[in-house]
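Encoded as structure tokens, the structure appears first; notes follow it.
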Amino acid sequence: MPEIRIGMVGYQFMGRAHSNAFRQVGPFMGPKLVPRLKAICGRNAPAVERFARQFGWEDVETDYRRLVEREDIDLIDIGSPGDTHAPIAIAAAQAGKHVLCEKPLANTLAEARAMWEAVKKARVHHMVAFNYRRVPAVALARDLIQKGRLGRIYHFRGVYLQSWLLDPKLPRFWRMDRKVAGSGALGDLGAHVIDLARHLVGEISEVCADLETFTRERPLPENPKKMGKVTVDDMASALLRFENGARGTLEVTRFATGRENANRFEINGEKGALWFDLEDMNRLHFFDNATPEARTRGFADVLVTSGAHHPYWKHWWPGGHIIGWEHSFTHEVYDFLEGIARGRNAQPDFRDGARTQAVLESIAASAENRRWAKVPHVA
Amino acid sequence: MPEIRIGMVGYQFMGRAHSNAFRQVGPFMGPKLVPRLKAICGRNAPAVERFARQFGWEDVETDYRRLVEREDIDLIDIGSPGDTHAPIAIAAAQAGKHVLCEKPLANTLAEARAMWEAVKKARVHHMVAFNYRRVPAVALARDLIQKGRLGRIYHFRGVYLQSWLLDPKLPRFWRMDRKVAGSGALGDLGAHVIDLARHLVGEISEVCADLETFTRERPLPENPKKMGKVTVDDMASALLRFENGARGTLEVTRFATGRENANRFEINGEKGALWFDLEDMNRLHFFDNATPEARTRGFADVLVTSGAHHPYWKHWWPGGHIIGWEHSFTHEVYDFLEGIARGRNAQPDFRDGARTQAVLESIAASAENRRWAKVPHVA
Amino acid sequence: MPEIRIGMVGYQFMGRAHSNAFRQVGPFMGPKLVPRLKAICGRNAPAVERFARQFGWEDVETDYRRLVEREDIDLIDIGSPGDTHAPIAIAAAQAGKHVLCEKPLANTLAEARAMWEAVKKARVHHMVAFNYRRVPAVALARDLIQKGRLGRIYHFRGVYLQSWLLDPKLPRFWRMDRKVAGSGALGDLGAHVIDLARHLVGEISEVCADLETFTRERPLPENPKKMGKVTVDDMASALLRFENGARGTLEVTRFATGRENANRFEINGEKGALWFDLEDMNRLHFFDNATPEARTRGFADVLVTSGAHHPYWKHWWPGGHIIGWEHSFTHEVYDFLEGIARGRNAQPDFRDGARTQAVLESIAASAENRRWAKVPHVA
Amino acid sequence: MPEIRIGMVGYQFMGRAHSNAFRQVGPFMGPKLVPRLKAICGRNAPAVERFARQFGWEDVETDYRRLVEREDIDLIDIGSPGDTHAPIAIAAAQAGKHVLCEKPLANTLAEARAMWEAVKKARVHHMVAFNYRRVPAVALARDLIQKGRLGRIYHFRGVYLQSWLLDPKLPRFWRMDRKVAGSGALGDLGAHVIDLARHLVGEISEVCADLETFTRERPLPENPKKMGKVTVDDMASALLRFENGARGTLEVTRFATGRENANRFEINGEKGALWFDLEDMNRLHFFDNATPEARTRGFADVLVTSGAHHPYWKHWWPGGHIIGWEHSFTHEVYDFLEGIARGRNAQPDFRDGARTQAVLESIAASAENRRWAKVPHVA
């Protein structure tokens, strides 16, 4: 069985999720290229060594430059904070490695464009880890829309609601620091919503937005008696116009009491509608406006767990035995590896990542200027 | 406009519900016979007079015998406790009045049979007030089943869950007294479930049941320091066999913490399934197993509120503007009056009431004998 | 029992809803002033006479000027199209009648201000029929917020989604004509959302909005072969800033396939959150972030139907026996009449109506100018 | 790190689920004893070898007798059909191995008793794989009940609804053969419901039941033109009495159109209630009847995904990032291994398995005799 040797940067939340995906994709999904967990890279040597033992990485690096230069590595997977994406990805591409990069692709559109240029030039495979495209219910939604089951689309309504910042005593860590994270809820959560909107509805042409930071100072982790400035947004909302005439709304926040991971969308079209909620991710709700019998129309509560009928499911369990959040990464890695094996880039690629970045940057600009902003084109 | 003159017995809960129905059916539904609220009957003169003024009854009686003999009355509506149903209904039929009777039809099968014989002999119109047949979602369910949309039926699963007896300090009033009420949850709630089961699935041939009284003594209303015996069941559960081979379960209780009026059923057939919950009564959930596309199958959450498509709805509001529990009585009265106008008896009639009584009595017998009981036939 | 004599203008959808409210409030809620359905006014004499007979109005008028001048009328209820509200209401106030007016209060802020001045000057009682404040679940939401159960509010998320304009063959009637209706979804549905936002969260200071008309021509009702221009919006979306720092989003549309009457809001505060959906209007979902036990926190699905505990419910049925959309009008009329009896104006009054109008007008201006707009003050 | 060497029998559905659990428990949960996937056993050598490569088993056996005798194995995990459980488990115990056995423990109570005697005598650790006890929401339910949050329990209502037998063309494989499977829905699904009932409510003293086989002949897999007899039940329903006075109902079926894996229960007690549905397994619905404020009582929709507050969750992801069905096995294996490391048997053990078997056997006897049956005691 041909193998593909993985080098990964980052060993926190995303490091765990991606390591699991590379471990699980072999036994469950049987990709043509079997991933080998070659080396994991992090700056804190003891911590990264512990992580390597835990998840079965063969080797450890503490400098990403050494990692990308290793000849025994074919693919670099980037799961470190946003400000590190561009240098690592560009170095990896220049070293001829395929690149899988966490979202958002970069902290600025300029970085994202540079990354997209670098991978194009290096002719390596590249993907941005917008894992929610690989939730079976979302993949089904995409297919229904592509097959015209919604007809002309009128509305996109997307929110991503979390609440983990409610406590004002929560320390100011890197996600609240604009230099490292680029933005707050906007880049972290809004990037997912924008990617899904583009994936399901189409390109966004104009936006008008509002950003707010509800808690502007937080205790410093190193000294909780001192306060540090929060330099990113706690929430972002936006009105969207799509190239195809659809209208949208977006709201992302870390202050939505009662919601933990409510990545939800509803799409209403001429012939049908659908809605999805990540907190109940094994279901898709589909309203078929084209069924002949009007009196039984209603949103069908579809359990998207059938091996015979639903995307990705033949690799898992009998119908009704639900999968979890982590499986979206396994599917993502599978599609990326299959793309490499067939010489076809999987989506969303770095161009997609840059386009999403263009929307995010327009949202920030609109909020600054208090008027609508046109989304710049990424070719 | 021809009118029909109503005489009603009982002015409590059911008195209010039925008075409202007779008041509302005219303006909203426009029946051929317009009801005139002629006289209301109750034993407590001042209370019944107050009620008459409140709901617009023209006259008052304190003895049902006087009421049924009045020549200016065409229809007797019985909403008093169960032990009074048989004498009133039989007297009314003998006096040539049409009879609408609250459920359960009687406290015993013998009484119910006698009532059925009396109305048959008198050739008057008769109906039992199983109002839930007239909820639009239930009427839609019935029609889907009649049209074969479920195919052969395998399962009926019916519960009616309430919780108002949880507090042991609640006084022992007539509903806990077997002499007046006949039974407890079984007759009060179980009668509804049995009627729906018969209406939707078919006749029940055999039952096996369990009854229990969780709180066997309660304070007397007249003196809360004294305790009185609860002589009826607090809950009943039963296994059901239908003549057509379907199997069912039933559970009714007044001790279901968290549930107030959860009259729910689910029916699974070869070609489809449906479920309903009275606490969300404007919806029917329908699973169509016969749609060609398996991947979008799911229970459709049908808002049964379309004037163009749904039973009874053209008389009310635009789609989505929901109706309440009380409207089921207005529909019931409408169907009864339309039946009288056309000379056709509306269902469920007294034979239906007696058949449901036969099932209830078999459930009680089975619980007593701790084995299956055959349901006696009512011709 | 003292009575109050009602004169009503309009006998269509709102005419039915208000007539029902005036009929039902007496028997069920027992107000101090019992309404007498004195005269109903409409331009089509045979139609209005038919309606009067149906709902029990004593008399008929075909000119509102005659109606407001009648000495045997105490209260004018206006349910005709938006362009008629100002002249009728002002004439009624000048004639010393109390005024209940359908929403939106007027087609322009200038009209609304004039109406508010007129009722103030005439010292009559006045109310705008934002009936959703009187849904028990909404009234409970208001009380929880007023009592501080949500603490500081961060987010308001309001939508009102309908789909009845999806069919392009639906004729262009008065609701698609700006001269009569003022606006489309914005005034019809958005007014409700704005009123609820103000009622629950507080005054809105700034808005940024988008309007769209998806179907710009429709067949004329008088000649379906000819097309007429749709001069109102099919949908409106907006970002909202509240005076108290909360941020909001609003979306209203008549093109939301799958949704019929989805008037929904969610409010997230520091100490709690709640959400509501008019299509399931007997429930409120409340998340209490202040309960000591974190592990059992979740949105409580509260059936707001308890006579002992919930607003308006003691007048209706036992817990769990749900009420419908029309009951909100009965509650509204009750509160208005009780206010008159006690000499205290009920809310929302014409000043509220004018303030909501100010927000609607700012939304329209913002959409026109493609930038944020400040909401003008109404004193 | 001390390791524990696993030998597994069976490589189909349960083989995949258990292999995954042993692979995942190390990296995610960090048990004291790290499992080593030593040998997998199946009768079809090429198939079992393929499976071993796929999931990382070091070695392969084709005869369970050889497996249990291997000195390099500490724990035998049995996932083969029901008729093989007793011989394998007894042999394993006699060889001094710990035993994890799939449910139901055996095909008969006699076998189950023998297994329980064998492990007791051998003083090995033993567990029955009732994995649903390890769903975090179920573990939370158990803890709430144990802490008295429901008070005295009145009702248990358990169903396990599937629909995979609806198609009459589905071939008759081992699960429809009484000799191999012992029973049909009863043992496969009913065993889960009984185990949960015992775990959450207490021991069952008496049962009354009904069994039915809707499709009595099915095509033989080896020759679809020939029909074979289905010798097991397609559905089972039962009334239950618990030793503590609670009453219950149970229904399990493979003919519930629209339901795929609906393992649901509701429990109503004096002080609270809860319900759970495996198809939405990351939630528990809890009604707290003891909160002081009656007007906000409702079933709380608790997302059981908080590392800080919920069972097993600290090992997984941030709150709201849901887990799947397979994780219940990982938790189960973790608890079994931790029990071994600490010298304390984890539950449910073989005595629990035998007690559940006693209930299943009583259900079958009751259905046969058409009357109530007492559940025999297992000491």
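Going by the order they are written in, the chains are A, B, C and D; count residues from 1 in each one.
What we mean here is this: a residue touches a chain if its C-beta (ideal position, glycine included) is under 8 Å from a C-beta of that chain, and two chains touch if they have at least 3 such contacts.
As the structure is a prediction and not an experimental result, all values here were calculated from the model.
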Pair joined by more contacting C-beta pairs (B-C or B-D): B-D
Per Cα centroids, the chain farthest from chain B: A
Cα-centroid distance, chain C relative to chain D, in whole angstrom: 54
Distance from the mean Cα position of chain C to that of chain B, given in whole angstrom: 36
Centre-to-centre distance between chain D and chain B (centres being mean Cα positions), rounded to whole Å: 41
Multi-partner residues of chain B (each touching 2 or more other chains): 259, 298-299, 303
Touch list for chain C against partner chain B, complex: 13, 17, 19-20, 23, 26-28, 30, 54-56, 162, 164, 259-262, 278-282, 303, 305, 317-327
Chain D-facing residues of chain C, complex: 140, 144, 283, 285-286, 288, 291, 294-304, 306, 308-310
Residues of chain A that touch chain C when the two form their complex: 150, 154-155, 157, 159, 161, 163, 166, 208-210, 212, 214, 235, 237-239, 241, 245, 247, 249, 251, 253, 255-259, 268-273, 287, 289, 298-299, 370-372
